[in-house]
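Starting off with a structure, shown below.
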Amino acid sequence: MLDTLAQQLLLGLTNGMVFALIALGYTMVYGILEFINFAHGDVFMLSGFFALTLVGALGLQDAQGFALFAQLALVLVLASGFGALVNLLIDRLVYKPLRKAPKLAPLVSAIGVSFVLQNIGLIWGALPLDVFGGGGQPAAPKSFPALLPTDNLLGDAALTLQLKDVLVIGASLAVMTALFLLVTRTKLGMAMRATAQDPQAARLMGVDVDRVVAATFLVGGGLAGFAAVVYALYINTVYYQMGYQNGLYAFTAAVVGGIGNIPGAVLGGLLLGLVRAFSDQFIGAQWQPAVLFGILIVLLVFRPSGLLGSTAREKV
Amino acid sequence: MTTESLLLIFAVLSPIFPVFDLAGEAAGLQLHLDQRLVTIFVYGILVVALNVQVGYAGLLQLGIAAFFGIGAMATGVMTVDKYPFHFGFWGALVCAPLVAAVAGVVIGAPTLRLRGDYLAIVTIGFGEVLRTVLINLENITDGPRGLNPVPEVWTPSWLRDWIGAGDAGEANLLVMYYTALLVLVAAVVVLKVIENTRIGRAFVALREDELAAACMGLDPGRIKLMAFAGGAALSGLAGCLYATNLTTTADPTNYDFNNAVMVLCCLIIGGLGSLRGALLGAALLIGFDNVLSPLLDRAIQVAVGDASHPLARFSSWRWFLFGFALIFMMRLRPEGLFPARRVAAELHDEPEEA
Amino acid sequence: MLVVESIRAAHGAIEVLHGISLRVQAGEIVTLIGANGAGKTTTLTCISGLHKPKAGRIAFEGKDLLPLPAHQIVTCGIAHCPEGRRVFPRLSVAENLALGAYTRSDKDEIRRDLDKIYGLFPVLLERRSQLAGTLSGGEQQMLAVGRAMMIRPRLLLLDEPSLGLAPLIVQRIFDVILELNRQGTTILLVEQNARMALKIASRAYVLETGSVIAEGTGAELLADPKVQAAYLGDG
Amino acid sequence: MSTSGTPLRTSSDSPLLRVRKLTLRFGGLTAVSEVDLDVQPGEIAAVIGPNGAGKTSLFNAITGIYEPTSGEVELDGNDVRLPMTGKVVAGWLATGLASSLLFLFIAAGIDATWKAVVKAHPPWEFTISGAFSDLFAHFATGNALLMLLFSLVGFAIGALGARAVWLRSRRTPQGVALQGVARTFQNIRLFHHMGVLENVLVAMDRHLRRGTVGSGSAAKSALDGRFPHGAWLDLGLPAVCVVAMAGLGWTTGDGVDDETLPSILLLVMLGAALAWLVRLTRRGTLTGSSRVVEAVARQEAMELLKFVGLDKRAGDLANSLAYGEQRRLEVARALATRPKLLLLDEPAAGMNPSETVDLMALVRSIRDRGVTVLLIEHHMRVVMGISDHITVLVHGKRIAHGTPEEIRRDPKVIEAYLGADDGGH
């Protein structure tokens, strides 16, 4: 029993890390532009496809030892860059012209972008590559090779701790720390926070709000790309709808933590990951969405602004 | 809208089916246009239902498909042989909207005070929960197989003989076609009337400025709940017709988020807040999806010869179309193709900078 | 130094500035006074680029400001300390001040300016790690002025620095304004506390419903019955 | 420079609006600090003070937009918050029970319960009483502790959730408005894309709902016929339609041999539906009586528009009005709620001198209609000219209260509001 609990705790933690990484992208964009970047989950998905393509191109499934890790690091970096670029491109092409439009417009556009990206994912999966199983069935999940050794690091203990667990948690923590430092210690981070709180006043300080927004999309997309590789390494599949489901969970995590709040997104992600792991174990995986969204609704009834969020007042 | 214009709608739409039917037969195509036209009517009802919530009251509701599904499922449970209820089609047509409206109130009540985009996410969540429930309560819903057979629209045999000229299959299709058309027209008439009454004004006032409306004594919660319940009831009605048309409640994936977005697409392309726009949006998009794209698929099949690859099918690209439709509409013509007077003005105002 | 020529500006469909013209010479304190809704704040936001006027010309040291976005106008040497203070509530006092120096990279000079501002407002030094949102109104105003000073502007636009403050604090703020001017900063001040503003101003403009109705030196206007009528409401 | 002609009331009269020790804090800022304010019925009262003194915040707290940090607001001796009645508590309990029932079924397994109750027998053996006994039998086989636990948790979530939602909506703008407080806004908040007349009609919503529109004898006599010719058809036709439809479902659900009754029901249903739809489209309202009410309401709205001088623009969109006209429309809209107390937030802002004079006359005639007025204003001429009592706020605190003459002479006011004459320097 205790081992099961510990195992679920570990699973929840790793899941939660992935949620948190995606949730950060939602929350940062929301913090500055106050709109739900619906397509964010699909940037995550496309990055997964990009990473899988890279794995195929590099022949990583056969690599060993140092070469494996070096190339894996390269995949991580490239996928993050890919996510960042895609996200930035979407902002420039779709959202930026709508900056002054009523709130509904960017939200609906984001839903549109999400559908376009999903279709791109579908077509990507239909490319005649070996890693996509020849591309005959674009909608089917593509298996992402288990690159890391699956030995239990704890030897014969009942609790299974694999290298990928350690890697997921370690790398995620490292990235989150870097983000935290970026936001709290650098000039750019300060400009981001200032813009989120009062964009007009930020402009009066000489902050180029457009550039801050661009940086936010870059960082958010990078985190999504990073999360995609981590997710693929962990779950070993990518499929064109994975962005929708995980994106929705991650957004829920951001809301639970208090949208616009960076530590809140991490907290919400971890919480949701844990709840998901335990509900899968004790209630059944098929009820996962019901449990997670049920929690969201109950939380919003009792604490409409999330766990760490502050209540905003409308100016009259 | 006058009685005359109503009669006009009837006059225009009534013969479409027989005409298509004849044309299809003459061309030797097995397109099942009859069923597809009913599908357009069903989605027409869904789009005007969403229009109540998004267009009139400004509540971004992305879980419309869930209420659609509830209507269909309630119809299934109430009518199939294996359950003891046996309400028949007409009984289900009364009860399905009630069940959906109750669901609308239950989901609406705790979330009404949420900001607009939170509401969007909660309604998506609700849709996901419902999909999960429909799939997992297999003893009730028969899971992915769906409940069937859902009985056809009951009509007395003399009426069938008269309509179908003795052909039972033909009569069934015609009865379904006219029933759906009648329900759609009734829904449009009632909504058109409501637009200019106290309730319709309250919806628009709420969308324009919730705080000012509240300060005038309008209860935003109550009005939102009305919009929620009304839209849900109409969606339930659509669900009932949908299941009857298919004779099954079908796979729960028919009621998922993609479906909700398709309905939203229709509404936005047609024009938020405009009944005319909603109907034309539904006709355009669902017509494309249901009528034109199978035709094109067939054409590709014929042209290419072997088109077994999934990407050679039009349906693999439909989300491109819907996605781009949303993006371009928001960019170029946010008020839709057939806008309502009020909304058109609203979406073109740029919020001023302080 | 600053030339504003017949600018017109509108909020939505309603024109609120019907051709305002004014000039500020280097080293002056110029004040805009007028009743609420006269267009004082809009004039300032037009100068700092937050609001783009429909017509007219604004030039600073000969450079046309109209095509520039707000964040570039800052780098020209204009700081705008907005109405209602607008400090960043969830940033610390020190971070708020650091944002003032956002466009600058001369570390030593920034350090020196920071010390100067802490010297001017010792209470900010005391609270430098506190979140700005938790400060009192007067402290927030000092922070807002300090933050604008960190830009090291040649022209400082001050919008209602006395807003909602107790008389003692207002006095303190005005002392600082005078001190800043003495150290070489040109100041364009919007104030509803007319007596106070006119007393420290070298020149002043009186605005009424979007037009300039009078201008002159502070002392002249203080004595002008038109000002009394239009602004102070005696009549 | 005369104050208005009505006699000042003594303080022994019970005030219409009574604010006690109202405090409003945002973060570290105290916007309003322990302010007391009494407004007597029938007077024009004003709140003045420099910008940022907390006047609008005070209005927002009175009208239920902000929740005060502490203090009381009473109108006509009643707290403006919703009272916690037995009905409210019953609502919480009912919500708790419903949610506990849901949780109970979840604990018992919704699917399994359905199987045990509905699917256990062939459909023709199903009875309601049998279903209940099956249900209890199924519950008996379940884990009693788990079911109890789930029910309790469900009850707690439902009841506490209902309570949390209620507490948050205890003081609401609409609640205060329904008690008879209407307001205008500093930055005009009309329904810009609705018609001028529609704006007024929206504010009459409450009266339209209760059918209490109109006051003149013409309106009365129109409303006496609450059920004018054929009104029963308005409810009757859809009712007949739905009942016939349900009957049709009931008689045909199991398949029928004799088609006579269903045929009749079908024809009745179609006939009723078509007749109803035709009536609706002919008339344009849901019921005949609502048409009468609507007509009276339009008449009343037109009178209000005439009162503020906008009757000629009734059909235009609100955002096509000029600034001053928009302000007057806001006043008409507020009056349409039939308030006891009207709060005007800087009504003269942005107005030119002649418009200001008109405004003063308008405010006086509003008072003469029997509506008490409380206003915030910067235009001293307006305030001094029309107010019976003035309260001065500075820095969130009340520093003076009295008649215009008293305020004019109060040195504290002169110093704080107009600027210290010889302070400091």
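Labels for the chains are A, B, C and D, by order of writing; each one numbers its residues from 1.
We adopt the following convention: contacts are C-beta pairs under 8 Å (C-beta built on N, C-alpha and C of every residue); 3 or more make two chains touch, one makes a residue touch a chain.
Keep in mind it's a predicted model, so treat the numbers as computed, not measured.
Peer 1: Smallest number of touch links from chain A to reach chain C?
Peer 2: 1
Peer 1: Considering only C-beta pairs in contact, identify the chain pair with the most of them.
Peer 2: If you count contacting C-beta pairs, the leading pair is B-D.
Peer 1: Just how far, in Å, is the C-alpha centre of chain D from the one of chain C?
Peer 2: About 41 Å, centre to centre.
Peer 1: For chain A versus chain D, what separation do you get between their C-alpha means, in angstrom?
Peer 2: Roughly 42 Å separates the two chain centres.
Peer 1: Using mean CA coordinates as chain centres, what's the gap between chain A and chain B in Å?
Peer 2: Their C-alpha centroids are separated by 33 Å.
Peer 1: Touching at least two other chains at once: which residues of chain A meet that condition?
Peer 2: 200, 301, 304, 314, 316
Peer 1: Indicate the residues of chain C shared as contacts by at least two other chains.
Peer 2: Within chain C, residues 12, 50, 89 contact more than one other chain.
Peer 1: Of all residues in chain D, which are in touch with two or more distinct other chains?
Peer 2: In chain D, residues 65, 161, 165, 168, 185, 319 touch at least two other chains, as defined above.
Peer 1: What residues on chain A touch chain D, complex-wise?
Peer 2: Residues in contact with chain D: 298, 301-302, 304, 313-314, 316.
Peer 1: What does chain A use to touch chain C in their complex?
Peer 2: Residues 187, 190-191, 193-194, 197-198, 200-209 of chain A touch chain C in their complex.
Peer 1: Once bound in the complex, which stretches of chain D touch chain C?
Peer 2: Touch list, chain D to chain C: 27-30, 50-54, 319, 322-323, 346, 349-352, 378-381, 383-384, 394-396, 415-416, 418-421, 423-425.
Peer 1: Provide the residue numbers of chain B that touch chain D in the complex, in ascending order.
Peer 2: Per the stated touch rule, the residues are 1-3, 6, 79, 81-94, 109-110, 113, 136-140, 154-159, 182, 185-186, 189-190, 192-194, 196-198, 201-202, 204-205, 208-209, 211-221, 342-343, 345-346, 349.
Peer 1: In their shared complex, at which residues does chain C touch chain D?
Peer 2: 12-14, 16, 35-37, 84, 89, 133-137, 140, 160, 162-167, 171, 192-196, 199, 209, 232-235
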